[in-house]
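Multiple structures are listed underneath, in structure tokens.
Common to both upcoming complexes is subunit A, partnered first by subunit B, then by subunit C.
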Partner chain A sequence: MEEVIDNSAANYKELLKHYLESQDEQALYGVEKVSKSFIKNEILPEEIINLHIQAMGEINPNLKADYKHSMNFLLEAMIFYGLAMQEIPLLKEEKHVLKSEISVAASMQKTLLGTTKPTIEGLDIGIISVPAHQMNGDYHHFIKGKDGSLGIAIADVVGKGIPAALCMSMIKYAMDSYPEESMSPKSILKNLNRVVERNVDPSMFITMCYAHYKPKESKLYLSSAGHEPGYYYHAQSDTFEEIETKGLVLGVSPDTEYAQYELPINKNDMIILLTDGVTECRDGDRFIDSREVLDIIKQYADLPAQQMVEGVYKHFEKLQDFQLRDDFTLLVLRKDV
Partner chain B sequence: MEPQSCVNINKEWDIVGARQLGREMAKKLGFGTVDQARIATAVSELARNIYLYADKGQICFEVIDKRERQGLCMTAVDTGPGISDISKVMEDGYTTSGGLGAGLPGVKRLMDEFDIVSEIEKGTRIKTVKWIR
Partner chain C sequence: MNLTVNVVEENEKSILNVSGEIDIYTAPKLKETLLPLTKVEGKTVEVNLENVNYMDSTGLGVFISALKSTKEKKSKLTLINLQDRVMRIFEITGLDDVIDIKAAIRGGNE
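Take a look at the complex of A and B:
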């Protein structure tokens, strides 16, 4: 390090001398390069001031005492900057460690919460779930019943990042412990509500929608715990209808009962379930309204369900300049036959 | 120059006195301007810790004159509450976060050698050395 200072010292002095004589831009360009080499070699600010003091002393031996004192004063003022600068490599390293730990956690979360999209005859399913940051606070899960029925859970923890993701693991394991096929959406939510109420900090709550599709009856049974309302697309009239549901978010009160809704599904009808990361997309400073979401969904409605949700996602990703503000989950079911 | 001189730290003004003595000794010993400023800053931090966290204490300066090298040794001794978790106060990265100051990691960085011994309810003793380059 001292070698670098010595090498640069001569250079600095020459440049300074040149500048004092001419005040020209070339000398300033020269000192810019010297400055870069200082940074590269982690030369501290107080050392640079000292270099300047010495160079000036050699160039002009008749400097005023006031000027000299003022430079020493400046040097003194730089000591703490030097200390702060020396912390930078450490902070960079810490950031790197945290980043890699989070990425391990994120991949673990993917494994823990992984679900595969099932194949159900006569039903076209599309699903996309993209976290805003590395960890996903949205959750969805498919359960294929022996009778050919399909259970779908979609949930959103209020909050983002690691706490939300940890919370989701709990929901998943609670659900795994239920004998799914025997249970209706309303009783699943009732049970989960109790788990969440007992185990989660009161400041955190979870919204969830559970749907159960029975192909033999061509009916969808659905309950919601304060979740973002889904939409029902009537193919015959080519209209969307909000699925109106009532139900308290999970974890608020231990004895909450949930209403269960029944929807007949006809050919080419669609059920759209989502999280608020979709409906609260922003265009600049403006929140989009649900009408716009439906318009976009309609634009892509001719495509197979998976291509459809991906198309919608890409649209909103672009609208938000590729910076998601919230986790984004969109699920579409379409009855083919 | 006395081989050892001490400054008692009871009030904030004493910090200035300690800085001054440290700087004068450093200057006489032949430390450069930058190192003089670093030594004074280290004295400041040590004295401020005594002033803020201990009832009373002192900082002593001692010239080390060995055949191969010369240096300045500073010892800060207080009869304060002691430090229960030394690794925590030695944790780095607080200057940039805008805390109280550079603290002990800063002192360690400003000086060449650093040693700390602390006993709960009894006090803390920090010994640091700066060698002439």
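Take a look at the complex of A and C:
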């Protein structure tokens, strides 16, 4: 290493001499390379200035006293830069540690929040969830009840990165602790709201739609906490209808009550639940509106639910200037019999 | 995308004229200006969103924290002149029931 430095130092002097004589750009290019080698060898700025002072003294023994004093002055000034720079390797090391810890956390998160699509007789379920960035702020969860019913939560945590991810775990464990079958969507949201309100940063909130399907009654019970409205497809009339749900997002006001809606589901009817990543897709500067999303869903409606949601996503992904600005989650339920 | 926030003081009221897009990149700028104002005891803050053509959920987060701080400090927050697209977000999230919002200037329903 010493040798490398000595070489670079000699090189610096040569280049400086050459530059003083000719102002040749080649010399500037040369010093750039020398400088990189100094950085690589962790040479401090004041050492470079010291080198410059010596080199100048050798090149021109008749330097003015003012000039020499000024260079020593500069040398002193640069010492503090040097001290600050010495922290860089340490910071790099710390960054590396943090980065690997985050990726461990991210994969743990994935395991913790994992949910499997259940098989419910007479119900075809399709789900796709694509994160816009490394960590997904959308969340969905299936809970199959002992009575054959199905609980579905679809949520969007607003606020990014690690706080949002932690917040989701909190939601999931709160939900797991409720005696599922005895709870209606409106009381689940009411309870979750209290948990979120107490435990979350003021600028963070969660939108959630909770649905409970009871096959024996052929009915879907549903409540929404400020979540993007879903759609109801009537097979008989071949039309879509926005499911009008109103309710305040979770985490804003502690005593919020939620309305509960009841939808009869007939053969081949579909329920479409989504997050705003779907309705906020952009094709260049143009927003893709929900009618367009429904048209595409209709195009793929003959396929099994899983292929359908994948087809819809692929369709948007193929648009020329498509950009996914937000996490995209699309969930379809279709009654088979 | 850009966001500009201008504050006009009118008697006891601060009016924020916001224009541009409020998203994850620009929301901190709005927050920096809006939050300290709502933290002033008894203050009335009016946010004019006439020239805001896009807002995402990060923007909502800013208004939610502002709302929470008005409750603590007994200050007042009013949003005015919302465009349809922005109004829709407040309606979906149910925030139009808890935040004082004055009707849109550009038509109600499409």
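In this section, the second predicted complex is superposed on the first by the 216 of 337 C-alpha atoms of A that agree within 3 Å, B and C clash if a C-alpha of one lies under 4 Å from a C-alpha of the other, contacts with A are read in each partner's own complex, and residues count from 1 in each chain.
Just so it is clear, contacts are C-beta pairs under 8 Å (C-beta built on N, C-alpha and C of every residue); 3 or more make two chains touch, one makes a residue touch a chain.
Just so you know, these numbers come straight off a predicted model, no measurement behind them.
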**OP:** Figure out whether A:T207 sits in contact with subunit B (first) or subunit C (second), or with both, or with neither.
**Re:** second
Original post:
Looking at the overlay, what does A:H140 touch: subunit B (first), subunit C (second), both, or neither?
Top reply: neither
Original post:
Of the partners subunit B and subunit C, which touch A:K190 in the superposed model: first, second, both, neither?
Top reply: neither
Original post:
Which holds for A:L90: it touches subunit B only (first), subunit C only (second), both, or neither?
Top reply: first
Subject >> Residues of subunit A touched, compared between subunit B and subunit C (which is higher) >> reply: C
**OP:** Report for A:R334: first if it touches subunit B alone, second if subunit C alone, otherwise both or neither.
**Re:** neither
**OP:** Please indicate which partner A:K13 is in contact with in the superposed arrangement: first for subunit B, second for subunit C, both, or neither.
**Re:** neither
Original post:
Hey, what residues of subunit A end up touching subunit B and subunit C alike?
Top reply: none
Original post:
What does subunit C use to touch subunit A in their complex?
Top reply: 23-24, 31, 56-58, 60-62, 64-65, 67-69, 92-95, 97-98
Original post:
Contact residues on subunit A for subunit B in the complex?
Top reply: 2, 46-47, 50, 53, 72, 75-76, 79-80, 83-84, 86-88, 90-91, 94
Original post:
Which residues of subunit B touch subunit A in their complex?
Top reply: 32-34, 37-38, 40-41, 92-93, 95-96, 101-102, 106, 109-110, 133
**OP:** Could you please specify the touching residues of subunit A with respect to subunit C in the complex?
**Re:** 156, 158-160, 202-205, 207, 225-229, 246-249, 251-253, 276, 280, 325-326
